[in-house]
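Two complexes, one shared chain (chain A), two partners (chain B, chain C).
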Partner chain A sequence: MNFVSLHFLVFTLATVLAYQATRSVTVRQWVLLIASAYFISTYMLDFKSALPLAVFLGLGYLLVAAMGATPSRAYVAAAVCLMIGSFLYLKQFFFLTAVGLPFIYSTVGLSYVLFRIISLIVDLANRDIEKKPGPGAYLAYTCGFTTFLSGPVQTWPSFKGEYEKQPVPITEGEVLHAMSRIATGYFKLAIVAAVFDYLFQNFTVQFTGAAGPVSWPKLVALYTVSAAAYTGYLYYNFSGYMDIVIGIGGLLQFKLPENFNKPFSAKSFLEFWQRWHMTMSQWFKTYLFTPIMLAAMRRLPDPRHSAAIGLSAFFITFLVMGIWHGSTVVFVVYGVLMAFGACANKLWQLAMPRALGKPGYKSLQKRLVYIQLCKGLTFAFFTLALTCLWTPEIGQLFGLTGRLGVSGLVLSIAALTLVFAAVNLVFDRVGAIAPGRLAAVGARYRDTLAVSRCAGVILAVIFVSAILNKAPEFVYKAF
Partner chain B sequence: MSQQEKLQQIFRDVFDDPSIELEPSMTADDIAEWDSLSHVRLMLEVSKAFGVRFSASEVSSLTNVGDLEALIAAKGGA
Partner chain C sequence: MVVVVRVLLRVLLLTAAVYACLVGIAALMAPGSSEPQTVDTASAGSTLYATSTKYLMFMQPALRMPGRRVIVLGASNADIELRPQVLGETVKCATIDNLSIGNENITELDETARIALQNRRYAHASSDVYVLGVWFGLFGDSKARWNGPTRENNESDIDLEFQRYGTYKKGGDFYESRFGVAYEPLLNGLVSPFPLIEKVSRETTKRLRDFFFIRPDSRTDAEREAAVVSDADRSAAVTYWQRQLGSPDRLSPAQFDLLAKTITMLSRGGNKVIVVDLPVPNWWDAALPMNREYKDRLAAMERSFADDGAVKFVNLDRFNNSENFSDEVHAKPSIAKQIGQSVAKVINAETCDLTRQTHLLEGHH
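Presenting the complex of A and B:
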């Protein structure tokens, strides 16, 4: 089901009306379950193609249901390994392609289902969750239609609070706020992201495929602009999708966690990952990074080992996080790049106070040029690493980087850093002046603005889709 | 020594800053050295000093000093 389709709008409207028509918690839970089942069914070719997901969910539920009050470490480890092993098999990771299932099936949403099942198993074992979910709550948690495709990854306690709360009548303010959020999402997804995608497609076609050879300077320039356009496309596509699902959550009075917090204002690569796809980053922090750190630091408590332990934990976490994005070898490269970025960032943070002294480093961190260059470098590195996401074959990736060479990549990263720093500086300056006045006007005409925004976005989506002759797709569901 | 004084001393030792004065609303943004590495070390020191054990979820989900104080109290830390 395409998010920019009449089908999706009718589905959402029907679900919201059915949900809001009742004050019974149980009926609302059934509405969510039926809507989610229908939503997922639209991604399935036939009954057989849905079987792997059904088996995966069933296995997860059995493992959760079979847990005793105090499960052994061996049980928890075996249960987590079994889920990860099943996931790798169904996703057909590059080392398992020879033993796949002999029919076509859907893996949409599987990564996020895995996140939720592992968190249930681990949190129950640690007694962070007191009571196991019943089958209905388990299905609603793992397969709720607002979060099924690509999150946000809600924790079980947060989900349970929303799922079981007593209904209260929705207010006009809540509806307007939710509609406004949905309109913002569609504006990002169907207009801004679509334009970035259009630019990306038109630039990449000039140096890939049948376009013929291009000179090296032109290649570097086209590659740099394409990479930047892809980053814009990915961000507006993904954050637009998040706005839409969080807005739909608002119409259902079902609060979902935020997934983005101005990621390109991050002054470091590590900070970037606290602002981009935040719920996924938090998941990896909770279930991979922190357990590695705790286990290693308990064995090696001497503070002198902290940096080495931390770097190792960062490397493993970011490597796994990168590989998780896809099933081909290219994503191993992406993971290595993510791990390199995280470790280089941490080493810099450790080395600078030693080189300049704590006061000297603090003073440097306050300098405008340093701040903008850090933001620029963060954007540039992430943008170049994202090349792995638009060159799905390893030969293609190595072919492109080979043509660019080290000097081409360095030139590209330098250009992206400087241009982003300069553009960001202008936006920061404008942003420092404008919000006060705009906020005052916005507060005064809030309701009128919300309605106008919705109407404007609908017209703009129709207009832009007609010009681009393409219905925008949600890109992140592929990861 | 009260719980808050004990906790304050741990913060000063871990972050090597004798000027730290704890407030319940204090977050990692208020202490420059409070990053994900030192946070785990901090939690292990707190765990040792108060005789409590924290899960990875608890370690990761804390947002400020007030949350940490409440968690120690909930676990009966002494």
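Presenting the complex of A and C:
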């Protein structure tokens, strides 16, 4: 089901109205379950194509249900490995392509179902969750239609609180707030991201096979603007989707966690990942980074090893996070780049205080030029690493980087850093002036503005989709 | 639930009100009934409709006006070399319409022909003249010519335009208005804000798009007249057309079969068809085998229509000198005018003169 379709709008409206028509918790839970089942069914070709997901969910439930009050570490490890193994098999990672299932099936949402099942298993083992979920709650948690495709990855306690709370009548303010959020999401997804996609397509076509050879300077320039356009596309597409599902959650009075917090205002790569796809980063921190750190520190308690342990944990976490994005070899390169970025950032943070002294480093961190360059470099590195996401074949990626050469890549990263730093500086200055004055006007006409914004976005989405001749797809559901 | 419905209704009402205003503005900007009721796709850019295909779709009612028509079909070289103004200087017995669409193949030419024929049927016309300007660049397979993310079924530009707003549906051979021809103006009026918004967005981003993406041929007539095509230009043109045609050395036989069907379709019921073999620079003969293949296949087609008095083939090889062209396919303005005048004489001989003779004979009897 495309998010920019009448089908999705009617589905959402019907679900919201059915949900709000009752004050019964049980009926609301059933509405959510039925809506989620219908939503997921639209991604399935037939009954058979849904079987792998059903088996995956069933296996997860059995593993959760079979857990004793104090499960052994071996059971937990085996259960997690079994789920990850099933996931790798169903997603057909590049080293498992020879043993795939003999029919076409859907893997949409599988990554996020895996996240939730693992967190249930581990949290139950750690006694962070007191009571196991029943089958209905388990399905609603793992397959809720608002979070099924790409998160946000909600923790079980947070989900349970929303799922079981007593209904209260929704207010007009809540409806307007939620609809404004949905409108913002559609504006990002169907207009801003679509325009970035249009730019990306029109730039890349000029240096990929169809257009014939181009000179090296032109290639570097075209590659740089293409990469920047793709980053814009991915961000607005993904964060727009998040705004939509969080807004729908608002109409269902179901609070979902935020997933983005101005990621491009991050002053370092590590900070960036605290602002981009935050719930996934938090998941990896909780269930991979921290356990690695704790396990390694137990074995090597000497404080002299702590930096090396930290770097290793960062490397593994970011490598896995990168590889998780896709099943081909290109994503291993992406993972290595992510890991390299995280480790280089950590090393910088360790080396600079030694080189400049703590006061010197703190002083440097307050300098405007340094701040903007750090933001620019973070954007530039992430943008270049994202090349892996738009060159799906490893040969294609190496071919492109080979044509660019080291000097081309360095030139590209330098250009992206400087341009982003300059643009960001302007936005920072404008942003510091504008909101105060606009906020006063906005508060006075809040309801009217919300209604106008929704109407404007509806028209704009229809026009842009018709002009560009395609309804934009949500890109992250492929990961 | 009531709160949700109430807010939703407010949003929908405001949306409808703004949309209604846009319909009104678009109606004011659309070509009105006081304007000439002919179609010239070359003028699309200066109208609300911006592109040739959009212009053609919205201007269909102009093709339904009564009276005899000479309808030019073809690609950009037909547009330049068979200008309505030039043809009209000689051809006085009919109105000239130009339905050429740049960079098309025979599949799209056939679609354009169907649009023309379908609309002329509404006018009960039976003595129109269809002038088909062809050259080897039109004979590329649709799979090579029409591909990309929005063309899963190799839809042409015309297909995309007719599918864009949902106001047309496939019916019989071609698209027809969803609720019948009587409601076509109403439906087109309702969707008119779309071309309006597109026009505004095109105009406001034109410079940026020209700079980054599109390299339009913005040469003046004087510059085109003085142009000299270099070896590098020729080499680039060969590569470009091999990609466009989807083959390094072969044309699509299916496209020739389709052209024959198009000619047959157009020539039924009293219409005439003039197939003009538009000239290309003679360096193509050495550069690619396709021009030879095209000439051979067109000659075979001409022989197959030899007994059909409604179909005439016109050869313009005398203009093939490479110096006559400002690029790999388009004639220089002075030569384009001569080509147009030559074709106009043929049209005149086949239509106006014959009509006059028929009238004289009828008068004599």
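Note that the second predicted complex is superposed on the first by the 479 of 479 C-alpha atoms of A that agree within 3 Å, B and C clash if a C-alpha of one lies under 4 Å from a C-alpha of the other, contacts with A are read in each partner's own complex, and residues count from 1 in each chain.
The working rule: contacts are C-beta pairs under 8 Å (C-beta built on N, C-alpha and C of every residue); 3 or more make two chains touch, one makes a residue touch a chain.
Owing to the predicted nature of the structure, the values given are computational and were not obtained by experimental measurement.
Of the two partner chains placed around the shared chain by superposition, chain C is the only one that A:V175 touches, whereas chain B remains out of contact. By the touch criterion defined above, A:V16 reaches chain C but does not reach chain B. Looking at the shared chain after the overlay, A:R298 reaches chain B, while chain C stays out of its contact range. In the superposition on chain A, A:F203 makes contact with chain C only, while chain B stays out of contact range. In the superposition on chain A, A:I458 makes contact with chain C only, while chain B stays out of contact range.
Once both structures are placed on chain A, no chain A residue is touched by chain B and, in the other complex, by chain C.
The part of chain B that touches chain A in the complex is made up of residues 32, 35-38, 40-41, 43-44, 55-61. Residues of chain A that touch chain C in their complex: 13, 16-17, 20-21, 169-172, 175-176, 179, 199, 201-203, 206, 210, 212, 251, 451-452, 454-456, 458-459, 463, 466-467, 469-470. Listed in rising order, the residues of chain A touching chain B in the complex are 122-123, 126-128, 270, 282, 285-287, 289-291, 293-294, 297-298, 301, 303, 306-307, 309-310, 346, 349, 358, 362. By the touch rule above, chain C contacts chain A in their complex via residues 1, 3-8, 10-12, 14-15, 18-19, 22, 149-150, 160, 164-165, 193-194, 197-198, 201, 212-213, 236, 239-240, 243.
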